[in-house]
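Following this message is one structure expressed as structure tokens.
Chains: A, B, C, D and E, in written order; residue numbering restarts at 1 for each.
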């Protein structure tokens, strides 16, 4: 969006993903530069979530290669724990740990995984919390928060690990429209600061506003990679056209 | 939308609704003609759901009157069971009965409540099911259906009671975007056939397409009742303006 | 009421001692049950090969046969194999053998109630397997199982009434004894009920409190 | 010696007697489980009432059975209550009554838990299609609650089967008592009788309770999702 | 807890046979009378079902034993047929309750006469004597009850031995089992130092089990065993006493011994056990 560079952070080369016999991702090629915001669009079930999950090691791939800073993330000897500290992820369902307060949720990773100093982490957490406007909810439990609040906390939790890339998987899908706005505003803010992001969303106008690059996937294949304006006004493929039509009455 | 008449079906006069001390609805006036499609918009928590629930007797009101075909729905002696057969309702959460198949779900009301003939009901159910394109899922259990399919069945279930008015409360709120379309298409179809409907939704473009009349509620009060084009292009109140802004990036 | 107060006063020390025995048995029985249940549930949850079958057999045997007979085998049977355990030891082992399977099922239910998304989000912040289990899975499973753990504890406490069969002097045993010797039926039963009340009521309140305390995991998110 | 031991089981009518005892055990257990479940469902429904009073009364009823040992109930009802109201009830009948009341109490708690765990919108959508109060319970809530309460209910059933051994105190001869009679009768001739008889009883109980717990597991899997 | 006590309260009068409650309950009082028994055509007698050889059930499911043998004769003499008896199985702890609540007419379950029990039920004249004996391993024989102090005595619940030790030697630790089989098993397993039980029982057992000796063949005073009826049921009590007297004339209790006990205890103990005619010599 703003500070896009030419340094390639993540490179996906011919990735295949199968569940048993069903091929869910087929020959996916994509490279993401530092500071770039890539939005992935596509009909339901096309494999968007699966793609993000592969990047984070939650799913194994059956072919191709994924390279993060030119190191392969394929094979037995990948230290996923370390990779996941660099590649943060936020899911559709507010998946805060329900038995921990907001601040405990945020500090768990930095303190227990990264072994960072408690006070330092606390300071960073406070800063991030106040940025998303939730500093006063620090000691609440997830059940005491609205959906939008929970998602903003989930984002803070991921950010507090100081990741280099953030993956967002339909983070607003189960939110009320007004909360959608709260959360998307946070993501917009991140984009402005130059965070590298891969975003799956169904909010087309948001996608248009935030993306440097739109990737359209259908049936497990990348059909189209375009600049946002181009994609929305003049999609190259018929499939993308058809997809966009669904959102017009 | 099309067959709007001048026959008043439902008349709401100065309705007040309180939860303990909190007033949730205040002095609501609204009248709905036969064949009219009314869409209710408003920010989260403004009282939209509560309003629909009052019309269906799921909540008691603390003041004012609701008249259906000029008979009051207020007081002890209202036979809600009967009223609910005339005023159908579909909710946000796919609330099919999880222990019954699709067809059992649909037939329960007509057969057990209305005591209608099984075969006749079955025939109507088949007809409705094929209209929403789900005749082949007749014997499935809800858990075997997608969200969109469940909502379409829920609509069929309500329709099969031959109601005169249908209330829809954010029926697409927990659906994937593509399923949203499936469901809204069914509602659009009903509108074309002249069904009287009260619809709460957050799909603004759908609202614009389906409504004869937009009712904008904020903080429990009706702020504005307008024709849809008027509302979206030139809202009368600042609050409505503010509300509409939230959906633009 | 025509109660023989003298009799009550005289047998009070017996009841005090028996109540102590019952509590001791219940305490150890519950504690060991928790440990056994914990281990078994882990074996089941992580589907540990080999051990899984053993645990399944243990659970089915223990749940589907009466404690009375289990105790007889422990007490009289083991001796024939050259292992002689004291009455109290047998009683505690018997209770733990029974309770272990109830607790195992309870814990397993709790573990399985921890949703997949919670686990995935734990992974996505880089937690290792063991950290995940320690910081996310166990606390949530525990909070889900607390009500049934409580029910199991009360069940085990009451189940101690069987151990009289192997000559352990618990509350029920003392009561039956006194009735058999002096036929002060009303007084004896009354004392039995009162002592159980004194033991179970606080336990029940404690559990209600604990339940409220750990209810954080309720309603997922 | 061991051959001699197992022969105890086949002496005279011993096997028949044991099975007869098992029949009584199962009869008491199953009649109580069935009636107790039905009453328990009604009780559980009443328990979901919003009235504090009704809720407290229900709670007290449950706690009465939780705290007072079943043995005491058997004693009090068989020897006490039946004489006060001057009717002569058989021990078996009283056992069924006590076990039924106990079952109803525990089942009521399970049913209450299941009903309260049902999503609220199931009730509302039931109302929305015009179901009456009873229709709502009959067609929607109870059938769904039954699925949820099944594991607990079967757990209770096996506990009831195993607790029937208490009924000897009021003169009902259950399977364990028959076993003890056999053991005692042959104690001079066959000192190892106890091993064989108790082993046999162990298997009998297992044969009754195991299918129950398997049934619950299967139904749980089937109705899950 | 209010509820708890009130539930038991209702039954107070039943467990507590004070004069007051008996007079209040005239109606149920009638039940045990001779007229009522005759009308019913059956006499209900409470017996043990697992105390071989006094009251037990044989492999064919028939009640047998010394007590049962005599009980059958009672039925025959009262109602004309020895099958006109209904045996009700009782437990040591429920013997009195069965009588008090009119569930049985007579208890003949090896019921030892004691002062405490006399306050709850009416005993008829005795038909048997008991005294206690102690059996212990040959390797560590117990030859006097004093030796048991600080040691463990194995007893069966609800027996005279239990009462005797509890009242006279409270500092002897007792290991109490429900069943006879279990006490012997326990001694063999070394769970205690000796069994204190009816001397007939321990002597007969020691005979069959080498390695064990009866170090104390006769202990304490002599107790008697008698039929018991509900307190105040004088009519039935008198009938039993007369019946015992009549039976004494034909030496019936000796016959009963021969039929049921001789096999186990042998001839030696006959006179030590049997009381004929309801009278101690």
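Observations on the model:
Keep this in mind: a contact is a pair of C-beta atoms (placed from the backbone, for glycine too) under 8 Å apart; a residue touches a chain by one contact, two chains touch by 3 or more.
These numbers come from a predicted model, not from an experiment.
Listed here as common contacts of chain B and chain C: A, D.
Distance from the centre of chain A peaks at E, each centre being the average of the chain's Cα atoms.
If you average the Cα atoms of chain A and of chain E, the two centres end up 83 Å apart. Note on chain placement: the centre of chain A and the centre of chain B lie 35 Å apart, centres being C-alpha means. Note: centroid distance chain B to chain D, computed from Cα atoms, is 47 Å.
Centre-to-centre separation of chain D and chain E, using mean CA positions: 33 Å. Annotation for chain C: residues 76, 185, 189, 193, 197 touch two or more other chains. In chain A, no residue reaches two or more other chains under the touch definition. In chain E, the residues that reach two or more other chains under the touch definition are 4, 8, 11, 15, 93-94, 97, 178, 182, 185.
A complete list of chain pairs in contact reads A-B, A-C, B-D, C-D, C-E, D-E. Taken in their complex, chain B has these residues touching chain A: 43-44, 173-174, 176-179, 181, 184, 188, 202, 205-206, 208-210, 246-249. Residues 117-118, 120-128, 131, 135-136, 139-140, 143, 216-221 of chain C touch chain A in their complex. Chain D meets chain B in the complex at residues 119, 121-122, 124-132, 135, 139-140, 143-144, 147, 223, 225. Those residues of chain E that touch chain C in the shared complex are 1, 4-5, 8-9, 11-12, 15-16, 18, 20, 92-97, 116-117, 120, 157-158, 162-163, 166, 175-178, 182, 185-186, 189-191. Against chain D, in their complex, chain B makes its touches with residues 56-58, 80-82, 84-85, 88-89, 91, 93, 95-99, 108-109, 112-114, 143, 154, 157-158, 161.
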